[in-house]
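Here the structure is laid out as structure tokens; the discussion comes afterwards.
Naming follows writing order (A, B, C, D, E, F, G and H), and every chain is counted from residue 1.
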Amino acid sequence: MSLELLDGGAAMAEAAIAAGCRFFTGYPMSPFTGLLEEMSRRLPAAGGVCLNAESEIEGVNMTLGAAAAGARAATGSCGQGIALMQEAIAEAALNETPFVVFNLARNQQDYFQATRGGGWGDYRTITLAPKDVPEAVEHTQLLFHLADKHRAPVMLYGDPLLAQTRVGVDVQPRDFGPLPAKDWVLDGTGGGTGRSRQIWTWAMGKANDPGPGPDGHWRAIADKFDRIAAEEQRHEESMVDDAETVVVAFGTAAKFVEHVVAGLRAEGHRIGWFRPVTLWPFPGAALRRATTGARNVLVFELNAGQMLDDVRIHAADRDAVRFVGGVSIAESGLSYGPLLDAPAIRERILGGAT
Amino acid sequence: MSLELLDGGAAMAEAAIAAGCRFFTGYPMSPFTGLLEEMSRRLPAAGGVCLNAESEIEGVNMTLGAAAAGARAATGSCGQGIALMQEAIAEAALNETPFVVFNLARNQQDYFQATRGGGWGDYRTITLAPKDVPEAVEHTQLLFHLADKHRAPVMLYGDPLLAQTRVGVDVQPRDFGPLPAKDWVLDGTGGGTGRSRQIWTWAMGKANDPGPGPDGHWRAIADKFDRIAAEEQRHEESMVDDAETVVVAFGTAAKFVEHVVAGLRAEGHRIGWFRPVTLWPFPGAALRRATTGARNVLVFELNAGQMLDDVRIHAADRDAVRFVGGVSIAESGLSYGPLLDAPAIRERILGGAT
Amino acid sequence: MIIDTSGPPVLPAKQVADFKPSLLLGEHSLCPGCGEPVALRILLEVLQELDIVQRTIGVVGHGCYGSFVRIMDVDVLQCLHGRAPACATGIKRVRPGVAVFTLQGDGDMANEGLQEVLHAAARGENITCVMLNNGVFGDTGGQQTATTVLGQRTKTSIDGRDPELHGYPIPVADLVASLRGSAYVARGAVSTAAGVLQAKRMLRKAFQTQLDGAGFSLVEILTMCPTGWFVPTAEGPTYQQGTMEQTYGIGELVTR
Amino acid sequence: MIIDTSGPPVLPAKQVADFKPSLLLGEHSLCPGCGEPVALRILLEVLQELDIVQRTIGVVGHGCYGSFVRIMDVDVLQCLHGRAPACATGIKRVRPGVAVFTLQGDGDMANEGLQEVLHAAARGENITCVMLNNGVFGDTGGQQTATTVLGQRTKTSIDGRDPELHGYPIPVADLVASLRGSAYVARGAVSTAAGVLQAKRMLRKAFQTQLDGAGFSLVEILTMCPTGWFVPTAEGPTYQQGTMEQTYGIGELVTR
Amino acid sequence: MERELVVSGVGGQGIQLLAKTLALAATREGRYAMLAADYGGEMRGGPSKAAVVVGDAPLQALPILPSAWSAIFAHHRFAEGVQDRLRPGGIVVANTPLVDPSGFRPDLRVFAVDAMTAAKAVEAPQASGFVLLGAYNALTRMVEPAALVAAMEELLPPYRRQHAESNARAIAAGAATVEVSA
Amino acid sequence: MERELVVSGVGGQGIQLLAKTLALAATREGRYAMLAADYGGEMRGGPSKAAVVVGDAPLQALPILPSAWSAIFAHHRFAEGVQDRLRPGGIVVANTPLVDPSGFRPDLRVFAVDAMTAAKAVEAPQASGFVLLGAYNALTRMVEPAALVAAMEELLPPYRRQHAESNARAIAAGAATVEVSA
Amino acid sequence: MSRGTLVIDVDRCKGCELCLAACPPNVLSMSATVNEQGYRYPELHDGCTGCTACQIVCPDFVFAVYRFTPAS
Amino acid sequence: MSRGTLVIDVDRCKGCELCLAACPPNVLSMSATVNEQGYRYPELHDGCTGCTACQIVCPDFVFAVYRFTPAS
């Protein structure tokens, strides 16, 4: 094992390359910029291409093209930039082009954006929310695997602390098991054979070999996302079995919550925590189990209450759910305000656990 | 009263003009195109401006500009076009620029897109889903009022049947009561006075008069949306009091459900229906009341299950909720498939009401 | 006297032109008198003549020509409206040995995706973009695009395009030609047989430019849309000559 | 001998230049040697000289100049990255009597929003767009934009912009100038005092064009960004002259 | 009371114009009308269907009718399913010879109209759709005949004004066919 | 065991470089390090803070430390709140005269270092940050002194190589100040 | 005398008449009757040169063109 | 002899030195000491013409410029 001191951006860049990413596009936006800069430095040396996309829309569509041609490909941005990509992310979900979107956001106010899309049609985006840089390294690699496994765009949802904190990490390629053959890829060899290939959201097929068309295709896509929803839920939890109070949080905020809850438990509180690792699919069944018997299900997120919806849908007792998070933004607008801090969180949790 | 035979697009155009809309932009996309064409014909005669926006992004930003300058303004599109507008809709929600977005969609697969945004930050979009053309006329006028009342972008979510069905309607200006003064509008007169105006998502203010900044501003916005959520819920319901089965549906599909449920009730079934008129804010308290005592809460929507989330959050008994809708698309991709039909819906409802 | 044309001639004769290019898998459903199928024909013929059919990927935008995806026997990505040059860029960078082209309309390229094509050209991206310019959104029923000529009546400019209200048409090929990354840029028209042949030569040069690795190439082809122009099909070509071809001019703008 | 410059001279003297334009409400926080505050100064002076301060609305994009929103005593819409010309269009159509201008960078106008400015120009929109072109994304720390000159090292082109990989720089003013809706287009630079004065005359003509209702006007101003270029502040002007000004050229491109 | 008409045929037969004329006529009479069209998107020469509902109070009808009181069949293609929705006793106008009038349910009241022949007979060969409409309205008295002609005229674009007379003749000819056969 | 250092000062004092050097040195020693920086966005000349955590196993520390074992105060501005987070017995390096060493909680172990004077004394006026680091490390033995110098050299960009020696002198000078005062 | 001739796939024709104008010797005219799609279609008269112009402009791929080989 | 002179608001200066190069008679030089922001700032020597070049190029609005009025 050899540790390198990398910030989140560089660590994810290394991890992406280790996972076989060979095409990357990006447009600067804090705190995503670091990952872009690292990719522009590191990817060419690995035989890949990193393009300074002229805008987020061009970037995501370049990535879609590269993925359609068979490359492991990725792009990323944050906030407004992700908003601009929604059309293409939906398109890729519906025409089954796999790639990774690094959503290194300014805060947690984009949970709906990540989990409910905002593109069009019935699609969902597998979204992993690592709590720290080492986990981001693992998630990055896992995401390329999941994208190929399910032929779908997938997302990593991070924040400035994840993107910019430097930690000693050891990035090693990881094997997540076999994958289906990429026999759908456009390689240009189909022309004139009567079996030329097509990637098309409406799946109308060729005249000599009609596809399922939008109805059949989109129903199949909906079924696929149902399958993914069943298969890919991931979560972590601790001390929930006898807990009167379970605190639910994701991403960086969850790391803080773990710390605070551990402290409260040490002081004798019957409290535990639950962390959705996949924001979509939301680990609903696990949350239901984990909150069975809990009198308080507290949701801590740094926004006006977005994951709250998913917790309300799945918590064992919906009426036990209380929101203890809130909007908290730095003066610069670029990171969190004072609520992302262990003492403040402790206060909120104690206030909520009545 | 004098009836005119207007299709939904023309009826909404008339209604918008009656509501004082004087700026409109659009980019063709079925089934929104009709509204655009009608506006391009009718608005100039009313002293307004209708622009052939070169793209949806340009269109929505033109509309944002016109609204910032004080006009009642609107734009619209569907599906992918709305996806492209998400950045600007979020921006307008956060910088408090009021306008109306006509989301005349191809089907009901864009419920998340409408209700969960997909832009960035903590914002919500008041979304009305009329069930037919006469209601669309009312909603159109109400939306301009709500936009100004809350200084926020708002949305009408329709579909091809709403946009293209012709009905006899009588469009008259309606009065929804007094509105706050538009004292925030940019009129160009502030320069050099030391009190020049500013519209800015980050609300940093001028150097001589600092604004609340992103933290204060975005918390205030979150509070505002909480207030709207409390104030603006609208719904319709029928025969729910003694109902064993309550069917929840929105928009055109709800009109079909009403018809089917009325038939079933006439046959002796203890069944009723509930229709959210505002998709956001979702009329949760009313749904809870309406479903208290119901053994089956059936959700019929023409998608893979999106409003389902909101029903699960609010139904009296979450475990009574069952999905009886589904993806159903016409061969052309441009409208609904066979599931939007009274007999098919009847079957689904009977199947779900076990 | 009407000659029997129901089958091949009985007298000794050589076939000099066949019905349709062999790369077509079926019928198209475009309007009578539409110029787009003619452009499709010459595009496919060029791929065959250059012998690159089995190393070509097309990227097709949204417009009436979008339905060609079903009948072209070529690997195709049907992409989002306006985004073909970006998608093509991704494909080309990942598969530099493949010829990559886009097929777009004026609504697709001059409206929704003007930025994509200009950036791709500036980048000197080694792809070939084909624009079918009929001056209207055909597929949605004939509204004004950025290339609609002055005075043209469309469903969103019912009294004719008025520069005061609607601005001036954009000559896409000229804009592209002014960028340094462009290696071959031309504008053709399919309103006459000679025009079709000239447009075909342009397409051929454009693909050759790409095969030579010389940089970005674009061919803008003016095509009739009698439906969107509200003119009888037979008048399409002369209407086009008097309006679009006058406004834009035909010829090569960049050769390198 | 160092002269006392702590206060006004005691000998009879006429003040011929003041610290800052009176329309500034506070200090800016831009880097040492940045050219953008100089452009801001002349812009505000022009508004005053034309006596339109109280009938002007500015639309400001995203970049270092974005912080000018806090210090300009002018009605301002801070808009989304790249979208200023579209927002300005909406404002102008609703308030035709007001002078509407945009303030954008090269990242804002040549990257994210190239389409918006070209469409606005083609539309002959009666607004004035001001582009501060420093050839990098300054605000995000110095990455390559569409106007970065060849060879320039940036954080995303660390070995220098290479046309093979990154393409060629885009001369925005030239593109705009080629569109028929453009009534005044010019490119200036603030690397010398004479350049600043020339740029100011350009801005004045651009606003005058708008006041005359003659159509779209644009002034591209080349500004130093020593931070993003990784050069000492004092070398900014000469570096700019040897790179950007060489590549793009200074002068008026359209006058009508 | 709401009365429903469904019209079914192929693109180009004037289905949409026929339906629109009826709906407009009813509207001009001050009644409530609904017209729901269904013409498969971008496909050309494909199915063309329309539904018209007329009533004296704001309508409750669905835009896709679960059942109907009457129908016009202009072509045998794309007609599947339409018959099943007609209520017993429903009125059917069948455009012969394109539609076989003997192929209908026995509980329907079927009227055969050779629209093309009738149209040609009054030198309005382009107006066979209006023949069907004239016949239908003569049978159902959905609207006043004069209102139908007025609505047809109102819907003509300026450059088609010259067709007003021949269309009117076609409407009358249609009425005549059923007045004879009835 | 994890040991935390927080550093606080203003932009331009070399806060970030100091923290990075320590974290890299620990990493090169094969230990786990975390470096969390906090420099208020686009503002220039504003607050500059950093936190370094070092441990022998994968770290549990939060990127915003609820409490810390030690601190370096390079400037009195923006220092509010930092002291409150120090655990009793915490080690403090105070950069005099910019920071008043007498203003701290009595349960802290405060070491005053006149970094600027020491830096100038070894002809490394730009390197007062490294003086503070040298002093801190001498007090805490967080890493081997040689590792510190190696990390500093590794972090120098090529065009700043000429500063390696003077920075090293500054580190040593810093160590010297506390070895005397300790 | 004709130097060339055509095969006309009449049922594919959509009656646009582009071929008529394109034909240099002007030897095409539209039929009186309609094809199965309901369109009038071109008919060939004497004088075809086999120039292929009709085939080149036809959007519906209706023509194959032949040139008679001189009986050498 | 100077035809003009300056007021230099030294604390606003960020030490970029643009004014030095802009000054035609070359009568500005940078200070040895720093201002409150930590930057060296310009000092005026004899020979200012009051041409305003320094004021025109200064990004930090540091200069006011005066021209001496001939004691007529």
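Quick note on the criterion: a residue touches a chain if its C-beta (ideal position, glycine included) is under 8 Å from a C-beta of that chain, and two chains touch if they have at least 3 such contacts.
Chain by chain, the UniProt names read as follows: A, B = 3-methyl-2-oxobutanoate dehydrogenase subunit VorB; C, D = 2-oxoglutarate oxidoreductase; E, F = Indolepyruvate oxidoreductase; G, H = Ferredoxin.
As the structure is a prediction and not an experimental result, all values here were calculated from the model.
Chains that touch both chain C and chain D are the following: A, B. Steps from chain C to chain G, taking the shortest chain of touch contacts, total 1.
Ranked by distance of CA centroids from chain D, the top chain is E.
Pairs B-C and B-E differ in how many C-beta pairs touch across them, and the larger number is found at B-E. A centroid comparison over C-alpha atoms places E as the chain most distant from chain H.
Each chain gets one centre point, the mean of its Cα atoms, and the points for chain B and chain H are 60 Å apart.
With each centre defined as the average position of its C-alpha atoms, the distance from chain E to chain H rounds to 88 Å. Computed from the mean C-alpha positions, the centre of chain A lies at a distance of 40 Å from the centre of chain C. Chain A and chain F have centres, each the mean of its CA atoms, that are 35 Å apart.
For chain F, residues that reach two or more other chains under the stated contact definition are 42-43, 45.
In chain B, the residues that touch at least two other chains are 30, 54-55, 80, 87, 91, 202, 330-331, 333.
Multi-chain contact residues of chain D (touching two or more other chains) are listed as 27, 31, 80, 114-115, 119, 146, 166. Of all the residues in chain D, the ones that touch chain C in their complex are 114-115, 118-119, 122-125, 146, 163-164, 166-171, 174-175, 178-181. Residues 22-23, 25-27, 47-48, 53-57, 59, 69-80, 83, 86-91, 93-95, 98-99, 115-116, 119 of chain D touch chain B in their complex.
If you check the complex, the residues on chain C that touch chain G are 1-3, 5-9, 11-20, 24, 27-28, 30-38, 41, 190, 192-193, 196-197, 224, 226, 233-234, 236-238.
Contact residues on chain B toward chain E in their complex (touch as defined above): 3-5, 30, 132, 134, 161, 164-168, 252, 255-256, 259, 330-335, 340-343. Residue ranges of chain A in contact with chain D, taken from their complex: 27-30, 33, 36-37, 40-41, 50, 52, 54-56, 80.
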